[in-house]
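Both complexes below contain chain A, partnered by chain B and then by chain C.
Up next is the complex of A and B:
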C-alpha cells in the first residue's frame, strides 16, 4: 500500500507539471491558433536566470518569480516580433517558427550558462510519513501549487470579465472584434498567461531533473500527449490529460516495466484517440464540404 | 541574347573545369598527407570535438585539459625541440560534420594524426577517409567500442578502458566488498545493456555464489520513485548503476528520500562532477571507477595538472573531463618523443606499436603493441567523500572477461 501511495503521489506531481504546461499550450492555442513549441525552451531561459539569482544569494521564491517574469517577457517578445507578423491562421508557419525559436533559445542558454547539468533548488526539502510511505514534501508542494494555479486559471476564465473576453476571442476573433474587444491585447494576455504557467511548471519540475538547455523537452513531449489525450481545445482536458499521463507513467514503471513506461503510456493514448479522436474532453468539429 | 547565353555556357564550362581541378587537387592532397607534413619546427596534429551542441559539456573541458598540457609542453621546449600545434574543430557531435572536418584537417591543414578527438559514432563516420584512404592515425579518441581494437585496426590506438571493463571492475569491487546479491540498474538502450551484461560473469568469477539481477530503466528517466520501489522490493546487498550522470544523480537522490541505504557502485560516466552538483549530499559514499585519478588527488602528476590548468586555462574547471584531455595529450607527447627523425604519420604509428610502457601518472600505465592497440584495461576506484570525488588505492585491473 505504501509503495502504491508513493508511486501515485510521485505520478500526480509529474502529472501536475505536464498539466500546467498543457494548460499553457491550450490557452495560447485557443487564443492565437499557435502551437507553441518554444514554450519549454523559453521557460528554460527563465530557469537559468533563477539559478543565477539563487547562486548570488537571492531567495528561491524570488528566483521563481523572476523566472516567470523573464519567460513571459521573452514569450511576448517572440510573439510581437516573429509570430504576429505572420498574421492570423498561419498554423503551420507559426509551428515551424516556434520550433526555430526553441532551438535558438536552447543554443542561447548553452552559450551563456554552459551545457554542464546544474542543480535547481527545491522549494522545500524532506519527507512526510503517511500510511508507511515517506512522501517527498517537494512532490506535495508541486501538486498543491499546480492545483492553486489551475484553480485560479479556472476562476479567471469562468468568473471574470477578462476571462469571458478571452473565451469570446477563442470562439471567434472576428465576432469579438465586432463587439469591441481587442483581439491583439487579449492574445498578448493569453501568451503571458500560458508562458507564466509553463515557467511555473518548469520551476516545479527542475529540482528533480536538474537543469540543462534541453531539460524541458521530455515534459513538453508528455504535456503534448496530455493535451491530445484530454482534447486540444479543452483546458480541463489538458489538466486531466497531463495528470493521467503522469500517473500512468509511474504505475507502468512500477507494475509493468521501468523500461516500457513510455510505450505503455503512449499505447494507451493512441487507443483513446482511436476511440475518441477529439480526446477525452475535446469537441468534435464538422466542416461542410 | 544568343551572345549572353553563349557567355553563360562558357562561364559554366570554366567553372566546371576549375571545380574538377580543385576536387582532384584536394583528393591528391588527402592521399599524400600520410607521408607528408613532417616539419622540423612543429608537430601538427588535429581533433574534432563537440564544442557546441548537446555534448559540448564533454568537448569543452576535454579541449581545455589537452590545451593546458600542450601549452605547458611547448613552454618547456616541446617534443624533441618541436612545438605541438593542435588544431581543434567543432563537430557539434555530428558524424557528417566530422567527416567534413576530417577532410579539412588532413587535406588542408596537413595534420599528421588525429589526437584526443571525441565521439564513437563521429569517429566511425570518419574512419573510412582518415584511416583507410588517408592512412592518418586516430590516437587516444575519447569513446570507442570493443570492435575498434579486436581485431586491431591499422592506425587506431586508444587509451580509454572499455565500458565493458569498467563494468567488470565495479562488479569485482562490489563482490570484494562482500555483496552477494547485486542489482544492476541500467538505462535501456543497447549500449547500456551490453555493458550491464558484463557484471554477472565477472562477479561470478570472483565468487560463484553471487546472484546478479538486472533492472532496465527508460533512458533519461527523471522520476526514479518507482525504480527505487522496485530496488527495495528486490532486496539487493549492493546496486551497480550503468546510467548517465544525471540519471545516477536522480537515482541516489530518490534513494535517500525513500530511506534506501545500499552500497552503490557506478561506471566512469557517473564519476563526474555533475553527479555531485545534481545530487548534493545524496551522492556521499557513492563509489565509481574512473579512467584517471581524482582531480583532487595529492599525487604530483595531478598537482602538475591542476597548476597547469590554473595557469593556462584559468576559466575552466580542473575536473575529470579536463584530466582525460590532459592524459591523452600526455600519452601522445610521451610516445612522440620516442620518434627519431621526421614525425610523420607512419613514424607515429610505429612509435605507438613499440610503446610498451607509457606512464602518464594521472592515468594507468599504457602498454601498446603491434597486436594490442588499446593501452589499458585498468581503472581508478573513486568515492565521494565530503562532496568530492576521492581516489581509493592505486589503479586496478579487473579480472579478464570471457
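Up next is the complex of A and C:
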C-alpha cells in the first residue's frame, strides 16, 4: 500500500509537470494555431541559465525566475522573427519551423554548456512520512506549485476581462476581428504565458531528471500525449490528460515493466483516440458546404 | 493509364541516371570513400520520396517513417542471421510495412494533420523502444550485423557492407523513381490529391478519403521498409542510432527542401541528407544548427521547395519555346451560344421521390418534413430566403449531411437513397456542384475532371477534352483552378459534375457570383444538359435566371415547403411572396429629427472578393439622426457594405469619410457572438476591444445591461450559446452599444427569427432611434426596411438600384422592381412575360 502511495504521488508529480507543459501548449495553440514544438528546448535554455546563476551563488528561487524570464524572452523573439512572417493559418509550416528552432536551441545549449549531465537544484530536500511511505518533499512541492499556477491561469481566463478576450480570440479569430480585438497583442500575451508555464514546469522537472540539452524532450512528448488525450483545445483537458499520463506512466513503470513505459503510454493514448478521436474534452467539428 | 512518349521518356530518366551512375562507380571515377555515400544517397532518396509523396499527394505528414526504416533494416539483419534468401527478406519487409502502413493510414484518415503526427510519433516511439529493449533479436544498443543475403533465384550473394550492396541501392532507387513517374501522371495520384485537397467534394465524385490514405500510406511504408533492407545491406550492421526522432525531423526537412510531392525534389532531398554532415563541417556550424536554419529559411523564403522554385522558370521557358513551334490554329470552341429554348420534360416516369425527409443538427431542425417528386428529365428549382433549408436539402440528396440526423425515405431510380454512402451516390448517377465552386485546387483543370475516373484511358482523355471544350475551358485545361476567375471555376465545378453523364444533377446556387453574360451562358448549359436527358434540382437566389431554366418551382422557408408552382405562378402565391418581401403591419416609424451633420459618407465605393464583384460604385450619405435602410436579396452585397460603413473592411475602390469623432459600431450578420463566453463576458470583451476599461467599463456595462430585456438580465453569467436566436440578436446589439457609438450598423437583425421576436428587435431599434441614435439597417425584406426607415437604398448585385424615401408613393413600386430585377424596366412582370414565350 505504501508502495502504491509512493507511485501515485510520484505519478501525480510527473503528471503536474506534463499538465503544466500541456497547458502552455494549449494556450499557445488556441490563440495562434501554432503547435510549439520548440517550447521544451527554449525552456532548456532557461534551465541552463538558472543552473549557471546557481553555480554563482544566486538563490534557487531567483534562478527559477530568471529561467522563466529567459524562456519567455526567447519565445517572443522566435514568434516575432520566424513564426509571424509565415502568416495566419500555416499550421504545418509553423510546426516545422518550431522543430527547426528546437534543433538550433538544443544544439546551442550543448555547445555552450556541454552535453554532460548537470544536476539541477531542488527547491527543498528530504522526505515526509505519511501512512508508512516516505514521500519526497520535492514531489509534494511540485504538485503544490503546479496547482497554484493552474489555479492562477484558471482565474485569469475565467475572471478577468483579458482572459475573456483571450478565450474570445480562441473561439473565433474572425469574430474577434469584427469586434475589434487586437489579435497580435493577445497572441504575444498567450506566447509569453505558455512559455512561462513551460519554464516553470521545466524547473520542477529538472531536479529529478538532471539537465542535458535534450532533457525536456521526454516530458514534452508526454505533454503532447496528454493534450491529445484531453482534446487539444481544452485547458482542463490538458491538465487532466497530463495527470492521467503521469500516473499511468509511473504505474506502468512500477507494476508492468520499466522498459516499456513509452509503449504503454502511447498505446493507451492511441487506443483512446481511436475510440474517441476528439479526445476526452474536445468537440467534433463538422465542415459545412 | 496512358503511356505516351513523353511520359515513357520521363520514366526512363531514373533508370538511365542510375545506369550512368553505376557505370561511373564501376569505372572508378567515384573515389572509394564516396561510393558508400552514393549508395546512402540512393537509399535516402527512396525514403524521402516515400515521405514526400505521401505528404504531397495525400496530405499526411508522417514522423513514423524512421520506424519503418528501422523495421526494414532489422528484418535484413534477422534474415541474414537465419539464412533467409534475399527475396524473402525484401518481400517480408515490404509486407510488414504495407500492413502496418495501411493500418496507420486508415486510422489516420479519421484525424487531422496534427493527430496523424501524434499517431505516427507514437508509432516511432513504440518501435524504437521495442528495438532498444528486445535485445535477443535486435542486439539492443550493441546492434546486429548483416553478414550476407543470398538470392534464391541464383542472382548471386550480397555481402553486408560490400560493393554489390551499393549497386543494389542505386538500382533499387532507379526502379522506384521509374515507377513514381507514371504514378504521378495516373488517375491514382489525381484521386489521392483530390481526396486531400477537398475531402467533401471528393466524396461527391465517388472518392473515399479513408481508402485513399490507407493505400498511399501502405505503399509509402512498404517503400521505406525496402529502403531499410538496403540500408542494412549497405552498412553491414544495424544499430538503433540512425533511426532516432531527429531523423524523422531531418526527413521532413529534406522533403520540404526538395519540394513536397516533387519526384526530382526527393532526389535533391536524399542528396542533402547524405551530405549534410559534410556541409555542416564546411560552414563550421553544428549539424543540427545547419538543419534548423535550412528548415526555417526554406519555409520562410521558398515555401514550395527548391526544385519547384527552379522548375517554374524552366517550364515557362519550355512552354514559350513550344508555343512558338506550335502554330496550328486552336480548334474552334464548340460553344453553341445560341440559347436553346427550354423544352418541356419528355419522360413522365419518376426519378426521385423524397417523403418526409428531415435533417437536424443537435437541436436545430435544418430541414423539416420535405417531400418532393422529380420526373426524369425535369428541372426543379427550389427557392426560399436565407436559412430556409435549401442547401441542407441538396446535402441530403448528395449524402453530405455530416453528423446531422436524417429521417424519412428517399427513392432514386428505384433504390433507397438515404442509406447509400455519399461515395456510392455518384455511381447511382447523382452529380452535384457547390455554391462556392469547391474545385480541387492542387489539380489542373483537366485533372479535376479526369479524377472522376479510376483508371484513365486515352478515350477518357479525349472525352474530358470534349467536355471542357463544350463549357469553354479547353484553353485553360492545363492551368490550376486558383489562377482562373470565379466564373470559370464554377464552370469547372459544373464540368466535373457532368462527367460520366449523371441522371440527376444537383446545382447549389450556380448563378451566384456570376455576371450577366456568364449567367446567360450557364443557363444555356443547363438547357442543353436537359436536352441530353438529365434531370436537375437547382437552388438559387437569382430568380430571373433560375426561372428561365426551371419547369417547376418549390418554395421553402424555415425548413419546410411553403408553396409550389410554375415559374410564372409561384411568386403570385401570397405565402411565397411574403417570405421574400415580408408582410409587415404598418409600424410606427420613429420621428425623424435628421440633423445636417454628416456621419458617414461613401463615394464611388467598389469591392471584389477574388475576382467576384461584391459592390460597384456605391454612393451613400448617412446623416445624423436618420434610420437608413439598405434592402437587398441575399448576395446583393449588404454585408460587404456593412463592413465598409463600419470601417472594419477597407473598400478596394472609393472613399469613406466620417464626421469628426464619429464612432461606429456593428452588430454583424448572424450575430457573431462568442458562444462559449457568458453574456457579461461578451459585453466586456467588446468594451475592452473598444478601449473602454476600468471604472468607465463598469459604468457602461451597467447601462448596457439595463438596456437588455429583463429575461436576459437574469442570465448574465450563462454562456451566450444557450440563448435563442432573438435573445442572441438582442445581445449582439447590446454589445455594439457598449462602446457608446454615434452610428449603429445592424446587419440583418431579423435573420432566422420568428415574427414575434422580429417585432421585439425592431421595436428596440426604433426606441434607440427615437433617442437620437443614428442607425443603419441592412435588411433582406424590402417591406420591413420600408416600414421603419426614413431613407432606403435598394442594393441589387452590388449596385444601388433605387434610392428614395418610403413616404414617397412612387418610390414603392420603383424599389420593388429594383429589388427583383435591378431596375424598373426589368421587374418581375416583364421577366415573367419574357419567360412565358421561352418556356412553351
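We take it that the second predicted complex is superposed on the first by the 288 of 289 C-alpha atoms of A that agree within 3 Å, B and C clash if a C-alpha of one lies under 4 Å from a C-alpha of the other, contacts with A are read in each partner's own complex, and residues count from 1 in each chain.
The criterion applied here is as follows: contacts are C-beta pairs under 8 Å (C-beta built on N, C-alpha and C of every residue); 3 or more make two chains touch, one makes a residue touch a chain.
All values derive from a computational prediction rather than experimental measurement.
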Which of chain B and chain C A:108 touches, first, second, both or neither: second
Partner chain in contact with A:270 - chain B first, chain C second, else both or neither: second
Broader residue contact with chain A after superposition on the shared chain, chain B or chain C: C
Contacts of A:136 with chain B and chain C, given as first, second, both or neither: first
Chain B versus chain C as contact partner of A:262, first or second or both or neither: both
Touching partner for A:56 - first (chain B), second (chain C), both, neither: neither
Chain B/chain C common contact set on chain A: 107, 110-111, 259-262
Chain A-touching residues of chain C, taken from the complex the two chains share: 61, 107, 110-111, 113-115, 117-119, 121-122, 125-126, 128-130, 133, 200-201, 245-246, 249, 252-253, 256, 286-289, 291-296, 299-300, 303, 361, 391, 395, 400, 402-403, 434-436, 438, 508, 648, 666, 668, 672-677, 681, 684-690, 693, 697, 735
In the complex with chain C, residue positions of chain A that touch it: 35, 82, 85-86, 91-93, 95-97, 99-104, 106-108, 110-111, 161-162, 164-165, 167-168, 171-172, 174-182, 217, 221, 224-225, 228, 232, 259-263, 266-267, 269-270, 273-274, 277, 284, 286-289
Contact footprint of chain A on chain B as seen in their complex: 52-57, 60, 188, 215-218, 220-223, 225-227, 229-230, 232-233, 245-246, 249-250, 253, 257-259, 273-274, 277-278, 280
Chain B-touching residues of chain A, taken from the complex the two chains share: 3, 6-7, 10-11, 14, 107, 110-111, 114-119, 127, 134, 136, 205, 208-210, 212, 214, 218, 249-251, 253-254, 257-262
